[in-house]
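Chain lettering (A, B, C and D) follows the sequence in which the chains are written, and residue indices restart at 1 in each chain.
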Amino acid sequence: MIIFENDYSAGCAPEIMERLAASNLEQTTTYGKDDYCKRASQMILEQAQLPEGEVFYFVGGTIANATATSYLLRPYQGVLCAASAHITAHEAGAIEAGGNKVLTIPSEDGKLTPDQIEQAVMAYRNDHAWQQLVEPGMVYISQSTENGTVYNKAELEGMHEVCQKYALPLYVDGARLGYGLAAPDGDVTLADLGRLCDMFYIGGTKQGALFGEAMVICNPAYRQGFSNMMRHKGAVLAKGRLMGIQFETLFEDGLYFRLAAHANKLAMKIRGVLEEKGCQLPFDNRTNQQFVLWPVETIRQVEQQYQLYDFGPHPSGLHLARFNTSWYTREEDVDALVADLRRWL
Amino acid sequence: MIIFENDYSAGCAPEIMERLAASNLEQTTTYGKDDYCKRASQMILEQAQLPEGEVFYFVGGTIANATATSYLLRPYQGVLCAASAHITAHEAGAIEAGGNKVLTIPSEDGKLTPDQIEQAVMAYRNDHAWQQLVEPGMVYISQSTENGTVYNKAELEGMHEVCQKYALPLYVDGARLGYGLAAPDGDVTLADLGRLCDMFYIGGTKQGALFGEAMVICNPAYRQGFSNMMRHKGAVLAKGRLMGIQFETLFEDGLYFRLAAHANKLAMKIRGVLEEKGCQLPFDNRTNQQFVLWPVETIRQVEQQYQLYDFGPHPSGLHLARFNTSWYTREEDVDALVADLRRWL
Amino acid sequence: MIIFENDYSAGCAPEIMERLAASNLEQTTTYGKDDYCKRASQMILEQAQLPEGEVFYFVGGTIANATATSYLLRPYQGVLCAASAHITAHEAGAIEAGGNKVLTIPSEDGKLTPDQIEQAVMAYRNDHAWQQLVEPGMVYISQSTENGTVYNKAELEGMHEVCQKYALPLYVDGARLGYGLAAPDGDVTLADLGRLCDMFYIGGTKQGALFGEAMVICNPAYRQGFSNMMRHKGAVLAKGRLMGIQFETLFEDGLYFRLAAHANKLAMKIRGVLEEKGCQLPFDNRTNQQFVLWPVETIRQVEQQYQLYDFGPHPSGLHLARFNTSWYTREEDVDALVADLRRWL
Amino acid sequence: MIIFENDYSAGCAPEIMERLAASNLEQTTTYGKDDYCKRASQMILEQAQLPEGEVFYFVGGTIANATATSYLLRPYQGVLCAASAHITAHEAGAIEAGGNKVLTIPSEDGKLTPDQIEQAVMAYRNDHAWQQLVEPGMVYISQSTENGTVYNKAELEGMHEVCQKYALPLYVDGARLGYGLAAPDGDVTLADLGRLCDMFYIGGTKQGALFGEAMVICNPAYRQGFSNMMRHKGAVLAKGRLMGIQFETLFEDGLYFRLAAHANKLAMKIRGVLEEKGCQLPFDNRTNQQFVLWPVETIRQVEQQYQLYDFGPHPSGLHLARFNTSWYTREEDVDALVADLRRWL
């Protein structure tokens, strides 16, 4: 069985495993105050052009999002996001666990527009006292999105502008940031993120690390107390260096982006055959997640040899299915899939 | 200016004010352990046919809903409700303040159906581990609803059945329970509520009391620890007797239902002229809230003399407006409004 | 049975009941935006000399404290208070319900000193990273305290100074503020509170109101979003005017202070006989709560005719008991008690 | 510089690193549903003699404690623990983040007694309604404790008995469980824990794992919904197998206990010289944490060559210092320390 079900079913890039093994018996300071973390953070801040920024390390995306949200919001505020956003659709209520409401906005492709943000703010401001809507307190977007789509630089600038206008922090969930930044049709860089949003995280778990996400504070106003919030959430790993070692390896010579480009390239091979065969492709994207609408029988047939993810019935009557490539996906496996699909479809 | 903006702009039924004044200098036990509360609770439990039940008093609906939800759910569960439900649309995130997610279901008229509950439960159960949906842990409905509509007995029995099947407590927000039970086309009684739901509250604030809601625990399994949850939420009034006095007055001889019937009757006069004039009425209901879709100019004209509630632009291009009657609404004011509408429309 | 058990066992000052009755059928704006609330707030702000301040109304002390604490703290901070503070000893974990830790400091008499605040801040600052103490984020004191003691102006200035030094908001729980301000040995005024603390509330429930506490925001930096926090906590009463009416009555001509002085005077009569008879009085105070250490037999004897509050065994081997007077306590009842005590002790 | 500051400054036992590397490119199911986790859990449950039990994996102790506490308590309940307990002294308010109060009990050595539990329950039960204490809802102990002390089997049986009597779940924080179970004067086994408590965790982070704690549910009543609570807290690691691999390695042939015994043995060498030199040793214990009361000058001298942990001034006027050994501590380093101490003291 070849697995395309998700992008985190294997361990980590061999370069990282080597470094973890090599440093294993060293004794260092704990809780992320070690030299590995310092060096990794410096690299990231340089690449994001954030001399006043700061980096904090989390073991996973849900706790990263929950901590950032609790930090950026007051308890009575809510977070604006697409209805498909990971924080509302897939995180078991972890945002609400912190007391904040998730304010969802419908979206066809998983992206939001400045107009939608403006409308949401206006709806709140026009609320008569007794309606008691929740005040929008921040904007959450993901890059690439849960649907594999990508904000380009102009779109991100638009989001930045509307967020500035209404004093809303802009937060980017980068669980799949590398795949987004390395998208063949993308034009956003780490430095753009550093310039245009207030906080974002660089996903490691799905992009070559054993585990770990690097939260980048772009707006220096949000450094104060952030580590306290992490500890309050139980989000600090005792041996923080484990993440420093990983992110140092990923960012010292571009490994992070090479791994992502590899996955995107393979994903586009899959998309190629799907387009060639005239399948319905619900999202227009060039990253490592490729979605297709198929009759359930097609899914069952493909599943005999390839593990994909079946989201179940779609309003169209078809099923929504997803192929995920990752840094570890082998080209020969994709080629086999493509050949089989060409034959089967 | 005659006010139809809401149903809680005046104080309380004169019978209640008299009793409050008469008992004012008595010294009694505090925190709802006094004889007034005991008598009021006994009356309510008798009328709801709940010998094993218990009644707790709250000062308002939001804190009542927040307490019941925190009590009935585990932190990781969510509450199923209509998208128009008061707890999600009008309570400033008070449910999320307790850590629980609100799981909204679209509804045309503000009511839910057993099928919708079943589908929501199935969506959760069919979720693959990693999708991490929030587990539905209770069902919230309101009677009458935020749109003025009413569940009839058969519908309530259907909701009861599906909730039993999936072990979901059924909770009824009765901020406007009297108006719902007294609806000319309604067939639900307090005893039906006692039999069919696990917990409901009898709204006082909008129905003749100065303030106060009586939470009725129908399912004896939910008595244990409920008062602790109230105190933890800061929901216990020191001079609890104030609510005992009020609910005793409302329930000892049917005053509660007479006041509600009065408001419903006047609301139907307003509905009558709206129907007569062919206005678009978005909801089919006979309770004290009457909604109408009007051009904004009509609203502005009517507002010269009558205060209504303008919900703003509606997808139809019209505005959604609401007339609210209450226990204190005077028949002559309604007659004047009807005459004017007949002339203006 | 004459009741000295607490100071909120009766309704409200007759002047207030009259006003509530007189205004009962008026229709007004809701949620505290009515003219009664505006006038009451203006009076309070004038007397506290706070032209930039703002007043919000709560129905009770626990929800008032919980809201202020959630507002003044970030989630990862804690509130410094005496071990006897109401928020930790008597409010069922309502502060923790908002996610914050209560950081208690031992105190003999229920008061804190600037030195204690300084030490707590230093302990946090000297904490090595991995100890993970909770950051002190505000200071809570009560006036008069749970033990009936009172901060004088010099003490309050000392607290103000240390709080300014460490950027800690100073919050005063004034559930019994009137009794504290009217203490014969007190020298603190409303204007002093306005000048020296960031937020305080004026207790109504225990001091002549039917219910209600007026939260005074002294520091204009804390106005933004406070009403949102109230709604998020379910702390807003629909008919807010009920509290406006009460506080207008209490503050328009000094009724609040007259009622408090009455209770204090009667309390000092009780203290007088206790001192005369050489009883052990654990606290040196002149407000409406008088504590005494008595053999349990004495308590049982007194309880035959007078209801006091027995806190149970004390380290001394005696029981700690409390006599509470209130605005409604009758002088003849106190005189009877004094005569009996003189005979019995 | 030789480090005795804590027990988690290095990576993991080489056996574990080898396994992580060997399995690195395997693709497995995620979120702890893989075969590694299954095998590790089975081993643990067999050794704890819990055929009806279940094991869940956490990345660290704070999030493990926070999740267990939120799970075992209702929101209005509190957790009874020693004042020195990790959850109250070192976890940045993570328990309160879930809404629960920590109810501390003074303890000389970090251990609790059944009498103390009984007194706390009685204080709550005897509380008059208006005092509003927080209901004790569970008991937290640690083995070995924060002070290095250990409950023996008889003491644990006593705790079990009192917890059963008052229906309080007994929870054991086993961040240093191995050191506790391997203590030369200990007589508690994994099977005893399985029999006597409701939930405990086996600490990996401080005892040979790279990271990870295995939460063992002993009482089958506490399995339902536990994984939902984990996800709600953001506590589930995507690549759960990483912990399965580690715990399988630790438990398949007793590695866990050998590593702990090694650290304990070296700690006793340090204790030996401290006793020999007549130092004040505040705690009577034989595990990997050894505390001593020293003049600050002695600490400064020792710190020239050995990193210890200085807790700062102690009521005795001395400083409280700690030497920590771990699985990775080298015997030659301890011997050098011992020789130096013998010379210096």
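The rule we apply is simple: contacts are C-beta pairs under 8 Å (C-beta built on N, C-alpha and C of every residue); 3 or more make two chains touch, one makes a residue touch a chain.
Which chain is which protein? Per UniProt: A, B, C, D = Low specificity L-threonine aldolase.
All of these numbers come straight from a predicted model, not from anything done at the bench.
Novice: Could you quickly compare B-D and B-C and let me know which has more C-beta contacts?
Specialist: Looking at B-D and B-C side by side, B-C shows more C-beta contacts.
Novice: Using each chain's Cα centroid, which is most distant from the centroid of subunit D?
Specialist: The chain farthest from subunit D, judged by C-alpha centres, is B.
Novice: How many angstrom between the C-alpha centroids of subunit B and subunit A?
Specialist: Comparing mean C-alpha positions, subunit B is 41 Å from subunit A.
Novice: What whole-Å value do you get for the distance between subunit B and subunit D if each is reduced to the mean of its CA atoms?
Specialist: Whole-Å distance between the two chain centres: 49.
Novice: Hey, how far is the Cα centre of subunit B from the one of subunit C, in Å?
Specialist: Here the centre of subunit C sits 34 Å away from the centre of subunit B.
Novice: Residue numbers in subunit B touching 2 or more other chains?
Specialist: Within subunit B, the residues that touch at least two other chains are 6, 30, 62, 75-76, 91-93, 97-99, 130, 132, 134, 228, 231-232.
Novice: Mind pulling up the subunit D residues that touch subunit A in the complex?
Specialist: It comes out as residues 3, 6, 8-12, 14, 17, 20-21, 23-30, 59-63, 65-66, 91-94, 97-98, 205-206, 210-211, 228, 231-239, 242, 328.
Novice: What residues on subunit A touch subunit C, complex-wise?
Specialist: 30-31, 33, 70, 74-77, 98-99, 129-130, 132, 134-135, 225, 228-229, 231-232, 238
Novice: Quick one: in the complex, what on subunit B touches subunit A?
Specialist: 6, 62, 75-76, 78, 89-93, 96-102, 126, 128, 130-134, 309, 312
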